[in-house]
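Letters are used for the chains, namely A, B, C, D, E and F, taken in the order the chains are written, and counting of residues starts over at 1 for each.
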């Protein structure tokens, strides 16, 4: 029988906090913490408006080799590792797949994704494709993909090789249990150990941003309002006071 | 005067049947019939929700060569082969174009596509681009493309060279008269001779799929419900009976 | 203090006229005026339905070099050249950026784009990415991009190097003050000196096009209606007369 | 039994003349005759120093399709079209192959190429690979290739589909019987009908080039010697006179 | 202290046998044994004429992540995994590296390769680059690479992550202990378990090949001599007899 | 008349020193000085064994635009900017060209390169191609290129636009007057201001390297000899003493 390891999940408040700040802030603050580039580059959002964060279950595909994988898709489902990664799903989890940028293999189809959503999974990040895209979009999942294909997962050049191991996805190294933050700008990998520091940094709010945005949208001077200049501070204080009434 | 051959169309019920099963099932069953990869990889749906099937009229572009093609677009329209492929259009037809993955040539514009739709054409699959995209989307056509461009079809590097000949499109060989099945997952080429066998295989319904999908969406166990296990069969039978009332 | 040059803007009626004819007509007529390919190939519309034209402010990125650019993003905002190009913005302007096709650098974020829209800017064409895509789409701007990324503009491999200089964007040379025409088919660069001739050519209307489009949509013969044949002219005249009543 | 057409060969003196002028002059003069780009871009010389010209036998590969090509390599050699193109070989011929830029298919191996060389073939231009590269280099053939592979011609994704038909190779359209000129700079396709005009143009010799080259190599001024200036003409005449003694 | 596993080496006669047959025969026979494509596609020979075979030591690089790899090259050499894979070297071994097709990282330099050659290593296959190329070529090693770079192994985007684990290299899955066969046509991965069957198949010699090659080189008919036809067999027998004298 | 600026050349001993240390050491030491990646990635050596260093004259190509460049090659040579960059050549200079990775444009031909060599130029680094490759290789120049083509410099898609301005070449920013170091590993750009510090760092010799290389080539232990361990130091001292006799 096939056994695959589970992951160690970081405390839930970390994912919740990261979902609130979004991928752009996460990437910028990680940059200041020493992680030059945390963007999983390649997979793009197929579910506009979705913003999620959660621990990474990982699935690694490898180039197909007939002496190691020869069976057809339905021979013994229990041997299919793309099922096993989903068996570990808990509410809030994100599945991240190194599908080797392959555009001719549909890593998951409708039934697999329905199961994952039913188990509380929140998102899927694949350096490759799914199939049954229209049905997948109706599930309550965020999808970051390179595309869709009618082909099934082992039909052409790759096959699932390992579950919850370190993988590369979109040019980034993802460790099982890292936190993925993803929205319309893309998906970011947050090392679990850096999440607290990242949240602390990101929680330093610039209260004046809403004011500045308003002024800029009215044609205000970028030098005056962003970042907020000393010259504009009295105006900001007045605006804030007026608003508080 | 320019003459181009018509195609031999397969019986109409085949296209109708294939449209009902969709591209993912078509690709998987063809795989079991020995066709490793039938996905026309590259062109993607620009008309989400559209699902079509029909015989392929084919158009082949070649790299431009000034000694063989020098005229400007409107000199003698009757010599333009991209018009000729449309002259053969019958209701239900699909035009498939090898545009050599060129992103700087708009194979068809609004007027050509309006004519094709007016003749009953159902879809266009191009390993390249069209122009007048917004107008094209309003026609009742499915569009599978690499993109759009403002350039006309012979403006830069390619020109139409042959009609209803074997072509390569998206890494697949398409014979005139093959059946194209296309939806949001992509376009699949079904050899006309394999269509009956494919339909026979695909018509073996898994009646329990609807039940399984429901259970999975409720958090049910993948091992129990997909494929339907013997253990779950009484539950399924009960569900089916309750539903039949 | 950093100084960058402004551009010389062509007469405003030229941009207005070009916006009315759209990118496909602009590209085709420029082709007849000797400009083989004016399509900025790569950036695609992220704001479907938007059609704009305006003079080009240009921004050039270069591969990052730590001896020439070492500061973090917020050290001295006034040194950031991606701000300076926006300082020149006037109503109707378009910003065109050579971001070297980089997918890991967000050239502008929400605040920069809000400022640009507030100053009356109408569109942004980037051979690369922005960040804060969802917020950017809500501004009244047309966006032609390769994609989105959570990364900020100097986070990985490039940095802003020059403002309002000649740049390459999407395989085209763009001079500061050229007129950009962009819609769902893509963005076209119109040399300012050719704009009058282009408008003159494009204003020769084919009054029969509306009639022909109608007939084609009803299944009419392409040879008869497009271009309008002599044989169809009486039918067209009758249609026009009936319509005029 | 398989039949394939032969080609119409241009007069032999054309190929001889073109071999003498080389690919760079051929490409430049064709450009002045209206052929913008005649360079078969992609295949590079694997036989440095070889310079050949001859009529093109053409071979077209297509994406493999198991319903149209299922046999293994040795089942019935007479059905293998890559053999048939060689059956047409006459002394001085060049084989040009559209192998679809495939790096995983060896179009010809040692035995095929030995046969072709034995029949008097002078060169092979392939938008793809051969196998048995070391043995192939020992034959008296010019080889322009993308690379080498141990795989045989139908082992992975393509198969030979047609012989002596128009093909695309390296982004150029090649008609059967066109003249190929190839050397260390690459391979050029010369339309048979343009060969006489090209030769006439190229035969206008610049007698002073040898003199200019000498002076430039000694540190002479480019403006004075290339092209030869009026100021330098007396010096050239003196050099020529001294040399004639 | 860092520990990495060694590999299980197949019997030495297998590598010796495979080196004798070469990569082209290995790939073709593996194809007939069910391995569709065994060519490590991408790395090419930088040591023309070298033909080697031996068991694979494997090294996996991953995208760099500053929280997991921050030290400079010389901080603690014993932690550098690219050294560890070499520590396992035994006479006849081949090092295979998944360097992620990176062209900006030199996996090994002169000193590492000198050590490997000194230990009896016979070849290196890298889906990426080395540095110190001229010195490396002077060692008695076969080199299959994508190129060379002056950069050291962790200077830009990747770092060594695991030793003697399954890796992908050039689109192929390589298991530690597989046998690599490599020559001027490229590198092939032979699953250790298939090596005996492959050798058995490849040892069925076609004694007539030498005769056929000779006849083909003299202009003989391909149909008569390759494969050897019944009609040519008496001629072959006579040639063989004459030769035996 | 066309005027272009000359460059400011760094002191000559810097280039001499850098040529002696080579590209690999230059890149590694620059990395330690804060320049993450100085490798001009793309152009490779076409003159194996050549190792050069010298100040960069720069030439920038842009996408061709017929309203800005319409003349044929020989119309008025003095307007051709690819000539002008060579007019500035002094002994020891290197020409670096941003040819936009174009494979269809030969930036320089034999006569231009003969002139450059005649003036004492030592090398050419082009993110693109030259023509007349065989003749160019015979000149006493180092050549780092992407390839060769028979096409001339303005024949297809690009044209020379500026001389001795900052350019991008192979993903690196090159300032006029930077020092280029190039050998078989590739070309490296050394900012002129960092050259002294780089030379100082690189001159710290590891005298034991020759000893270590010898021991490693004899099968010595990497841990003992590289870097030289304390345990091996007495052995090294003895070797050095024996050698000194």
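Couple of notes before you dig in:
Just so it is clear, contacts are C-beta pairs under 8 Å (C-beta built on N, C-alpha and C of every residue); 3 or more make two chains touch, one makes a residue touch a chain.
The structure presented is a predicted model; accordingly, all values stated were derived computationally and were not measured.
Steps from chain A to chain D, minimised over paths through touching chains, total 2.
Contact with both chain A and chain B is made by C. Interface chain B/chain C: under half of the residue numbers present appear on both copies, so the contact uses mostly different residues. For the pairs B-D and D-F, the larger set of C-beta contacts lies at D-F. Distance from the chain A centre to the chain E centre is 38 Å, each centre being the mean of its Cα atoms. Chain E and chain F have CA centres that are 31 Å apart. Those residues of chain C in touch with two or more other chains are numbered 36. Interchain contacts give a graph that is no line, ring or star and is not complete, per the touch definition above. Contact between chains, using the touch rule, shows up for A-B, A-C, A-E, B-C, B-D, C-F, D-E, D-F, E-F. Put simply, chain B touches chain C in their complex at residues 72-74, 77-78, 83, 86-87, 103-104, 106, 109-112, 114-115, 117-120, 131-134, 139, 147-152, 155-156.
On the chain B side of its complex with chain D, the touching residues are 34-36, 62-68, 70, 100, 157, 161, 166, 168, 171-173, 175, 191, 193-194.
Against chain F, in their complex, chain D makes its touches with residues 22-24, 26-28, 31-32, 36-39, 41, 44, 48-49, 183-186, 188, 209, 212-213, 216-220, 222-223, 225-227.
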